[in-house]
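Below, subunit A partners subunit B and then partners subunit C, in two separate complexes.
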Partner chain A sequence: MIVWLWLACASTDPDGGKSTVASDPDPTPVVEESELGETTIEREVVVDRRQLKRMTVAQARDSMQRISGGIVWGDEDESKWDAYADTLGVADYQLRVESDRSPSVMFQKFLDDAATATCRGWLEAADSSFYTIDVPDSTEREDVRSNVVGLRWQIQGKPKDASAGIIDDYEALFFKAHQRTDSVEAAWQTVCVAMFTHPDFFMY
Partner chain B sequence: MRGSRLILGAIFLLGASDPWVDASTQDLHGYVRALSLDLRGNVPTAAELEEVEEAAEVTESLLESWLYSEEFEEQVIAQHREMFWNELEVNLLPKRKLSKRDGIYFNNNRSRYTRDVAHSHCGDFEADVDEMNRPLSWLTNDDGSISEGYVIVSPYWDPDNPIEVCALDAQLNLVSDTGVDCTTYAGYEEPTCGCGPDLKWCLDGGTETLIEQALSKDLTERVRAMLQSDGSYADLLSSSTMYLNGASAHFFRYLTPYDDEVYERPVPLEDLPELDFADETWTPVTLGSEHDGVLTAPGWLLRHQTNRGRANRFYGAFLCNEFIVPETGVGALSGTEAPTPNLIRRPGCLGCHARLEPWAAYWGRWTEAAMIYRPQESYPAFSEDCYDCATTGVGCTDFCEDYYLVETSHTDQRPYLGWYMTYAFLLDGKEENPDLGPLGWVETAQSDGSLDECATRNTARWLLNWEEDESVIEEWVSELGDSFSYRDLVRRLVTSPEYWAGVP
Partner chain C sequence: MATAGALLPSAAMWPGGLSAKSLPSITDRYFIFAYFSGGWDGLLALDPRDPSIFTPGMVASTGIETGYATLKAVDAEELLIPTAVEGMTFGPFIGDLATTHADKLAVIRGMSMEAVAHIAARRHALTGLRPSGTSVRGSSVATLLSYLLGEGEPIPNLVAGLSSFNVGHPLWASGLPASGIDDLYQALSKPETPMLDGQRDALEAFFAQQEAKIHTDLQSEIYGNRLIARSLIDQDLAQHFDTDATDGDMPDLLAHFGDADGNLTDGGYMAIMAAQALTKGISRCVTIKVADGLDSHQGSSWQSEHGPYMREGFDSISALASYLETAPFFGDASDNWLNHTTIVCFSEFGRGAELNSNGGRDHNLINAMLMLGGGIKGGQIIGGTSDVGMQALPTDLSTGLPSDEGAFIGNNHIARTLLHSIGIEEDVGDFREPPVLALLDGV
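Now for the complex of A and B:
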């Protein structure tokens, strides 16, 4: 009883009756900028042969449409790739005379939006080329791997090689998405977006 | 020595052989994809990919079909837009521009002459007019302006959709009440001049944009023509053919007379093609010998408005060079003397201007912030009359004051009194530059090989995105020889081991 009384008094402000907060024995650490250090973001290896480059906005737009059988991100009158051209750093030759070709966060954000819309339209389209397997809603591992290989060939232009390590990753992604959504279509949508937003698609 | 070899080896292992750094080591699928994206701006179709897989190579016929495709033309045009910067937004003819108030078109700039008060409008009611759209009655407002009402007109830019236009701006008179020609600049202040039949002597914001686009696209249509003829790449800088569509043909036929200080018809009126304003096809027009390819195209002259700017863009885009401030900075002027206006000699400026001034003079017979050619016959290099008025104190004519050096602010200008201004300070044979035109510079750059070398360098940067190898550039230039076609250049580069080293 005495212990309970002591605890009650100890946690009460005698002036206002407000509860008090005990001092934190482990205060929040202070991060100093100097701890982050410095590094160069420039590539150090000099290559006097062809180097990878990011697709232009027009190339990304046209390639996604070709691959998906004509799905336009936006509407028939105007692709959103064109509507957002200024934001994406496309040269207008007045205020900007050089297009931004870096795989910037802004590019990847819009690529993600475009991929989401394109994959949805591609999955839902009549006579879609999305599935290269006979039973689209199959969750048999063999079918899933086969369709992953087919999609990778279509989207990223990679050889139909089922033994490539990344096929395992896309397969795992499919089953994880399927497990969480209980939807085969949502799982394929996830894989499709992953392939379009992978550098294997937009760097060449 | 051994250590440096190890380092080089490590770099090779870490970077050069890594397809994420050295894309020339990609497999056949990577190659065909890059080739298709570079040459056509799109990935290969499924059928093309299967064709390549079956052949285990990119066949010559497939490559040739891509190099001769319309998509290839568009890619080359896109590359050249980065050189031309051909996009106009210049407020073409503000005095002829119609704007809208309360949904009714009117010429705001002319309202001080038509309605006696600046910015006044005709009011939102149908006008009482005669057959020439001249108002027969009107309201007089408190501020002294008049409101005459509107008439319905089918505009030339969209005849199927009639619009409401203030009657005074829609007048059809060819000649004003005071005898002034309404189709010329002189008609601007005439209250009885209007926009003429179908409003064809005026423009609105939308038509202005279409005209500006047409003038800009003339340059890229010249690139397309160069590719389609498979002629020499240098033709781009010497050809005397320009391309007009409905919008630019209308501009030169009806609108350029309204500002003859800035615009002139590229060919006589009778040689202009008769096209509907909405006609988007390109009609070739042969220009006079004063024209030097894209470098004197209206779209180039209006985009790069000063002769120094024109020279600077050519120097950067076609000769792969730029003017760079020395590391020590631009030196400050010393002494108390007024600095010389001769930038070729002025300390701090001469580092760039000793070269830039004679180069800018190649455009010396083309007006700045305009597109007019001033020929030797009408504007001789030296004028006795202008020299006399400048040195004897007799009043100079407007012609002398506008185009010739007749006043000096520095002793360095005295030797050039009476000279057409563009010749001032040119020495050592450079005084010929204005009469040679930009082609004079092009020919010099062709003869010393710098033009071909830069074309190769530019194309390699586009296709390879690489750290340049000078020896490889030299090898390509030497292989291609004189008068190569742009398609030859691209073919040479995309079939080089630097682009793709072959099946790994």
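Now for the complex of A and C:
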């Protein structure tokens, strides 16, 4: 840029045509394009949303219990979430003053265990809120899709939008599990576990 | 056996800059880091003083107060524990180590810790780098070693009872945390209410479909860790950590690591976990907490608990070393696991040379450390502390003897030494201190 500005200024004669550099014995420098070299222009990364955070262990425990109508993973006396607190990196304010909020191997393993137990309990509970359709054992596509939308709203807090792309995936999961197990309840448990163990549930 | 890490796109995640010189030339090495939590008292085990010389009346001139006379549950005739190694004497709570493994022990005395706050000092010890405040500036040494030694094991880096750090190393090298052997067993087991195979297959297909849509590093981490969790369960590793098992190795392990009455301490269970993780080919590095409750500022806890807790930890290590010494290395009866396993016993800092006004001991920068096993030259004392105030003495790093021309050994030196022990001479951990060559066998 500076070279071009210099060239532009040098070639312009304010007195009208008389070059100010004509008497310079050195030839006018010529800029070869290839001499400029090449560089990769990094695209500016614009972060338009905050970094997602993982639920705390207490949030996961309480959320699952609240959603499922009170199903406790473990004993009524002590949730397994609390029993595994040390392994899950919950702060004890002696050795650890900050809780681990990473989507760690251990968190996801125990989340899977908790989801498996909670979903089964939720399905089998009297007056369960699991189904938002009139015929729970229906395998009609419309009913399945409707209940998937209802479950996603209950578990992940997502709007009841039947046109969301992931609804298709959950619907496909239901039918695949049903095909493999020949059990509507098992298929719904699978969908339930998928929703609880999906980042849409535990990351916010 | 497929490894958990093999499921990840590891090549793309490896940090660059590793030269051939910075790759290990010794690859049959395993590591156990045994943590004594709370800050141990050197006078009670690793760096004792003769109470007939350092009497209460001499405290004003020596600045050293053994306090041995106030200790509970210790025989006055057994305050100094001699060993078969000339010049190697321990304090009253060294336990079985002094009698069974003295010739293998390398004791480092007069280490300088740079911090006396638990978190900062512990993180310094774990990473070999002094943290910025409490923020670590690098990975745990165990993470670094696991990374350098490769992803050949299902859980390359197992960590029980304390934190682990991974700064810029691949996901598979991260410490898998467990608070103890029972939690590890549960973590490696199928759910108590298992799903049918058809359900699980459908679920895995669903998540594979979701993973194909990810586009952030965080999502990669989430799905990567999920795969590791599934892989560990599928490899049926839990059986090795089932303390209720009535068949297999476990009954013999419980008998070996228990006391005469068959009781096990927490450190004993931790030692079983380490033994199984290594000898079953599950882990490359294991970090365990073998003693707790050592932060004895109060006289009552220092007099009655500190020493016994330390001894429990040392006894666990003694049992672990004995077990590894008799365990054939991958079935080779002419070789054993201890030859290939470096055991590092450490605490975040030491305790003062004088008792405080409560009769306990406060934190102190001067510390000691114990190492044994593969790569370590045993039967020696490295460095020392002065007989006035137990100050650290500079040490010649090549001979291990105190020398005015020497250096004050710290965590950075130890971390560098461990890397050197697997043949890495380059300072790949940015420890900026030389190795303590006197510690290493065959150097």
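Just so it is clear, the second predicted complex is superposed on the first by the 154 of 204 C-alpha atoms of A that agree within 3 Å, B and C clash if a C-alpha of one lies under 4 Å from a C-alpha of the other, contacts with A are read in each partner's own complex, and residues count from 1 in each chain.
As a convention for this text, a contact is a pair of C-beta atoms (placed from the backbone, for glycine too) under 8 Å apart; a residue touches a chain by one contact, two chains touch by 3 or more.
Small disclaimer: the values here were computed from a predicted structure and weren't measured.
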Applying the document's definition of touch, where does A:Val105 land relative to subunit B and subunit C: first, second, both, or neither?
second
For A:His198, using the defined touch cut-off, is the partner it touches subunit B, subunit C, both, or neither? Pick first, second, both or neither.
second
Touched partner set for A:Arg180, first subunit B, second subunit C, both or neither
second
Quick one: is A:Arg50 in contact with subunit B, with subunit C, with both, or with neither? Answer first, second, both or neither.
first
According to the stated criteria, A:Val97 is in contact with first (subunit B), second (subunit C), both, or neither; which is it?
both
For the three-chain arrangement built by superposition, which of subunit B and subunit C touches the greater number of subunit A residues?
C
For A:Pro159, using the defined touch cut-off, is the partner it touches subunit B, subunit C, both, or neither? Pick first, second, both or neither.
first
State whether A:Ala126 touches subunit B only (first), subunit C only (second), both chains, or neither.
neither
Using the touch definition from the top, say if A:Gly89 reaches subunit B (first), subunit C (second), both or neither.
second
Determine, under the contact definition given at the top, whether A:Asp62 touches first (subunit B), second (subunit C), both, or neither.
first
Subunit A residues contacted in one complex by subunit B, in the other by subunit C
51-52, 97
Within the complex, subunit C is touched by subunit A residues 51-52, 84, 86-87, 89, 95-97, 100, 102-110, 112-113, 116-117, 120, 169-170, 172-173, 176-177, 179-181, 183, 186-187, 189-190, 193-194, 197-199, 203
In the complex formed with subunit A, which residues of subunit B make contact?
11, 14-16, 19-24, 27, 29-30, 32-34, 37, 41-46, 49, 53, 78, 81-82, 84-87, 89, 463-469, 472, 497-501
Under the definition above, what is the set of subunit A residues touching subunit B in their complex?
43-53, 55-56, 58-59, 62-63, 66-67, 91-94, 97-99, 129, 153-154, 157-159, 204
Flag every residue of subunit C that touches subunit A in the complex, lowest number first.
37, 118-119, 122, 161-163, 176-180, 183-184, 186-187, 191-199, 201-203, 205-207, 209-210, 218-219, 221-222, 225-226, 228-229, 232-233
